[in-house]
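Pasting the structures here.
After this come two complexes, each holding chain A, first together with chain B and then together with chain C.
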Partner chain A sequence: MQFKKHILDNGLAVIGEVNKFAKSAAVGFFVRTGSRDETMQVSGVSHFLEHMLFKGTDQLGPLEVNEAFDRLGAQFNAFTSEENTVYYAAVLPDYLGEVAKLWTHLMRPALRNEDFNMEKNVIKEEIAMYEDTPSFDVIDKGRSLHFDSHPCGNSVLGTRESIDALTSKQMREYFTSRYSPNNITVALAGNFDWDKMAELIAERCGIWQRQSVTRQTPDYQGSLKSERLKKKNLNREHICLISPAVSMQDERRFAASVLGTIVGDSVGSRYFWALVDKALAETATMQCESMDGTGAFYSYIRCSSENLQKVFDTVKAIFDDLNTNSVNGTELTAARNKILSALVLKNEIPMGRLVSLGFNWVYLNEYRSTRQDIADINAVSVDDINSLIGYFKPGRFTKFTLGPGNATPNQP
Partner chain B sequence: MQFKKHILDNGLAVIGEVNKFAKSAAVGFFVRTGSRDETMQVSGVSHFLEHMLFKGTDQLGPLEVNEAFDRLGAQFNAFTSEENTVYYAAVLPDYLGEVAKLWTHLMRPALRNEDFNMEKNVIKEEIAMYEDTPSFDVIDKGRSLHFDSHPCGNSVLGTRESIDALTSKQMREYFTSRYSPNNITVALAGNFDWDKMAELIAERCGIWQRQSVTRQTPDYQGSLKSERLKKKNLNREHICLISPAVSMQDERRFAASVLGTIVGDSVGSRYFWALVDKALAETATMQCESMDGTGAFYSYIRCSSENLQKVFDTVKAIFDDLNTNSVNGTELTAARNKILSALVLKNEIPMGRLVSLGFNWVYLNEYRSTRQDIADINAVSVDDINSLIGYFKPGRFTKFTLGPGNATPNQP
Partner chain C sequence: MASKLDKHILKNGMVILGQPMETVQSVAFGFMLPAGASRLPQGCCGAANIIEDWIFRGAGDMDSRTLNDALDSLGLNRSSSVGSTYLSIGAALEAENLAAALELYAKTITQPRLDDEQFELAKQLALDHLAGLDDDPRHKVMLKLKEQFYPQPLGRSAAGDADQLKALTAEKTGQLVKQYFNLSQTIFAVAGKYDFNAVCKQMESLFDTGPQEALNLIELLDRGRKYTHVHNDGAQVHIGLMTATVKPDDEQYYNARIAVSVLSGGMSARLFTEVREKRGLCYTIGANYHGLKEAAGILCYAGTVPQTAQQTLDCIIEQFDKLKDGISDEEIARAKVGLESALIMSSESSASRAAHIASDYYVLGRVRSLDEIKEKIEQTGTDSVTQFLKNNPFENYTVVTIGPEKVTLK
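Moving on, here comes the complex of A and B:
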């Protein structure tokens, strides 16, 4: 594995990890923008814009875009989160140049009015679909409640109203200010010729105009408020619990991820044995989500209305015990192994490596090999977990529940 | 890459492809049984049995099974088709022995009555869910119509009635007769020690009792019947067209797969340009599905009721042209490249390799490297496609349509 980088004069970062044994190659455009960078007036624009990039350029229509990826045999997609919009593709090594060229085209989209108006309906359907998915909806609403007026609480999808009100002019302005080259990292992974690819990217993206781009990244400990939404058509209680955790820039993020796995991995965790194995809940998970400058532990639990109080009592007991007795060596080893296994399986192919490579650069301006990540996870000790528990004292939450009735028992 | 094999005295085949550069390893149990091996009385039993294997053994309960996989950091799953039931897992190399051991346990399941009765509801929910998914339902019903009384027309899921009527005794009998060692291939791929693994499998599976297992594999050209089901709640027409194609044992299967891609790949194919690009249909795909001793081309098309006649006319024109003028070199090259790309990306990790490895053994009793598959796809010529078209004369179909109205226009 060889790491390479080249920063263009306009600020665009090109980074690569070359693996001559790989049978494929992958490229990703990591744009450092998401719902946290939106004003209320343009809520949902990052995600909507991601859709619009696939509608093509002045030279390429929507079907031609699809056809161009297909001709290269590309596996490609994109996603938008609170703080990133990422476009990526994996291909056979011979086609990496062409697929990268295609993305550089798409990164300067036409944003045609007719496509914009048609796509509004697709976005509104997506909003409706997610609202009808309680496990998603409760986390989305919980996150808004937790982050309150902090920008990390902004909805990725936006609302029907914000999407209806959005104009293509607003989207163009957002695009110009956020898809600035100094706000984009182009990552390459797998079997490819670095010099050739770096030159190709420089040639095509070097002319993009640099804008002044900023992002506020204050830490935030969360509102710790409590809310309930009643939805009569539901059969189950959906519970979201959120408490503060470490940011992507915090070296304790490996320990926090291990702690999340010990408490709330979908199987074999404390939640699992106390809630799922005892049939109090059907699902109970917790994980640490580290972000730019802040972070949070998210729990999602689904249970019957009858069990709601017992579930809250059990969660309280789990965290009381955790704060008093910390964790033991056996569960630490098991959690580390599970994280390592998922990490290695994911990073075995260039497409998986690409995501780690890109995000390490976006958040840390740093190259990290899989080996370094493995070492850092293996180094997490009971003491590290202890000091994390001592610092965050987990067990006090922002709480959002979604369920069929009015029942509001004593919550943890 | 090194290929290894060992056939136990009871007939169980253990095969492996060792790749010392891989960072993971995978194991799969390929049981040569599926809905085509079922009588009407036990319709759906193969798929139901697949679910039941995860309910554990006399020593392991359902949650413990889940927890055991999880502790090993395994990515694992199973699937059932018309002719195979496959169980597989990918892990870090250190855990391959343990995860293989776990599967050997699960292959001798407890099939507890209480689990059996509980799981009936899960199966019936799955049946209901698929019936509500018209794109699935139309293919399922089309397949039954095409294969008529040939066993390949048997439904994988079964019906509510067949599942309700099924007894755990019937399932046990089916299990004993079909999960016989001489009907199972254990495949291993990735970074592992062949001698150690072959010994482990032999030690644990060598005691399984061999039964006499058979399967009828007549070829079948299809009923070429036509049926329509009206479902008022639908907004769209769903069309399934089926015509005969080559079996898994037929050397023309690579040419058939290329032909399927030329005519009906989701993007860039003849269907795409004539139906989707022209906005006559939202989706239009065709692919060759090769099976044990027989095979078929399946087309699935979705369109509005108004466009139904135009779609049929266009499909007719596509096949008239194909039978008259065959294919051209440009589309042949594009199709080969797409197939190669998907093949290489899939086979880059041990988990992907495992599936090719296992099925080549099950169908052909043969080891084929990725390189051989690449060579055979690259070797497909316009002449090969010509002779395939000359032999099958595609364009006469078994037709099943699912739509909101009575409209039955002239069909192709």
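Moving on, here comes the complex of A and C:
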């Protein structure tokens, strides 16, 4: 594996990891913008803008864009989170230049009114779809409750009302202020010719005008509030628990990821043995999500209404035990091994590697090889985990429950 | 794109397949056990779901905790699923742990403890998962659709039936494990970094039994209703639609795959263009080929708010109907390059390679090489796909909706 980088004069970072043995290649445009960078007046604009990039440029209409991607056999898409909007495509090596060129066109979109108005319907359908996906909905509502007035609590999708009220002028202003070259990283992974690709990106993106781009990144320990929402069409209890964790810039993020696996991996974890194995809950998972300047542990648990109180009592007992007795060496080894094999599997595929490569640059401004990640996970010790538990107290959390009943159980 | 295939048959008849991948450090393996949802007897709908959980609750000299801790210590990325014909269990892992993992899986398959107390927990979880489907209408609509579309029992829901699940006992379910974990009809596949001789030698010793009598063939019964609606006061109407097409072993199979790609292979395909891009009716819309050994269909999903549910269904059916009236060369070219790229890219993953060779072997009785598939895709063209659709038009739709309002199937 060879790492390459080239920073253009306008601030655009182009980075690549070449693997001549790969059968495919992937390219991603990582724009450092998301719902946390929005004001309430434009709630949902980052995600809406992501849709609008596929609508083309002054030279390319929406149908032509889709045809162009499909002609290259590209597996392509985009996603928007609280703090990133990422556009990507994986293709056979011969097509990488063409697909990258297409993305460079799309990064300067036309944002036509007629497309904007039609796409509002699609966005509102997406909002409706997630309303019918309570496992998603509960995390979204839990996140807003936990982050409260902190910008990371902003909704990625926005609401029907905010989407209806949004104007294309507001979107254009947001685009100009956020899609500045110094706020974008172009990452390449897999089998490709670095010199050729770096030249192509520089030639096409070097003319983009740099803007001043800022983001506030205060840490936040969470509201620790508790809320419950009743929905008449639900059958199960959907529980979201959120407690503070490390940021992407914090070296303890590897330990936090191991702690997440120890407590909440889908099999073999503390949650699994206490909740799922005992059939108190059908699903119980926890993971660490590190973000820019802050972070959180997210748990998702699904159970029957009858078991709700028992589940809360059990969760309390799990965290009390972690506080008192710490983790043991056996569970640490198992968690490390599970994370390592998942890492190896993901990084064997250029598209998987692209995501790690891009985010390491976006958050840390550094290249990290798979080998470095493996070493850092292997170095996590029982003491590291115990000190994290002592510091972050994951048993103190914000709690959101979405369920069919009226019951309001006691706080765990 | 040459792909080597390793094959060996154990003394007991179990088929061992392997596909080496030079550039990876991982390995993936899977056992396909003939205990899928449609294979099990009437009245046991959902039993495979219990079995999938129950067998991992202790095996041989290891209780549930010891067995699972041992599996976890190897860092396995475990997977298991219940299909129409097979119950599949397997894992992806770092290559050096393969032998230890196989030993634990063999123990789970040949010596599951099947304790009564553990049965009740596994059964409760199966019931909970079934109840949880009510909160996942997108998933539920597809299960209901296959149930109605395929001749019974092929489409039998892997999630099960609440009454039948409740009636199952440890004794009855234990008998099913004994009867349907038939090693002579089991397919084992491995892909990635492995030593095939070592794997075969170990498998011979781990599964050192004689051949077993073949299981009875299933008898195919009637199909379900043309239209089924399940009421749910959610935000969307979830629409599932299915129509029959040729099976995977049919010589027209690749023409069928290209036809589906023209409908829904990429964002420029007809369904996405007409339903989402031009009319803004949906966020999610897509169709794909779904093939079993005995029957196959094109399966389509769309989710939309109640006000536009009828328009969405009508628009989807119009696109299915219109396909036989003509397809452009450009559409065919995009469909072909899309299928070929997806094929090569999925071959980079050891887990998807292992799944591919096992399912090919079951459905076709042999494993297709990547070159063969590529060549067959290349051989299709506008004329062959159009002719295929004239002879095998998409028609007679089976539709299931879940949501606040019904639609009319015209």
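The rule is simple: the second predicted complex is superposed on the first by the 412 of 412 C-alpha atoms of A that agree within 3 Å, B and C clash if a C-alpha of one lies under 4 Å from a C-alpha of the other, contacts with A are read in each partner's own complex, and residues count from 1 in each chain.
The working rule: contacts are C-beta pairs under 8 Å (C-beta built on N, C-alpha and C of every residue); 3 or more make two chains touch, one makes a residue touch a chain.
What you see is a predicted model, and the numbers here were worked out from it, not measured in a lab.
Participant: Determine, for the superposed arrangement built on chain A, whether chain B and chain C clash or fit.
Facilitator: clash
Participant: Of chain B and chain C, which one contacts the greater number of residues in chain A?
Facilitator: Comparing chain B with chain C, the partner touching more chain A residues is C.
Participant: Once the shared chain is lined up, is A:338 touching chain B (first), chain C (second), both, or neither of them?
Facilitator: After superposition on chain A, A:338 lies in contact with both partners, chain B and chain C.
Participant: In the overlay, answer first, second, both or neither for which of chain B and chain C A:390 touches.
Facilitator: neither
Participant: Pick one for A:21: touches chain B only (first), chain C only (second), both, or neither.
Facilitator: Touch status of A:21: both partners.
Participant: Enumerate the residues of chain A that count as touching chain B in its complex and touching chain C in the other.
Facilitator: Chain A residues touching both partners: 21-24, 63, 66-67, 69-75, 90-92, 95, 267-268, 276-277, 334, 337-338, 340-342, 344-345, 348-349.
Participant: What residues on chain A touch chain C, complex-wise?
Facilitator: 21-24, 54, 62-63, 66-67, 69-75, 90-92, 95, 118-126, 128-129, 131-135, 232-236, 238, 267-268, 273, 276-279, 281-283, 302-304, 330, 333-334, 336-342, 344-345, 348-351
Participant: For a test of understanding, state which residues of chain C touch chain A in their complex under the given definition.
Facilitator: Result: residues 22-26, 57, 64-65, 68-69, 71-78, 92-94, 120-122, 124-125, 128-129, 131-132, 134-138, 232-236, 238, 265-269, 272-273, 276-277, 280-284, 303-305, 330, 333-334, 337-338, 340-342, 344-345, 347-351 of chain C touch chain A.
Participant: Help me check something: in the complex, which residues belonging to chain B touch chain A?
Facilitator: On the chain B side, the touching residues are 21-24, 63, 66-67, 69-75, 90-92, 95, 265-268, 272, 276-277, 334, 337-338, 340-342, 344-345, 347-349.
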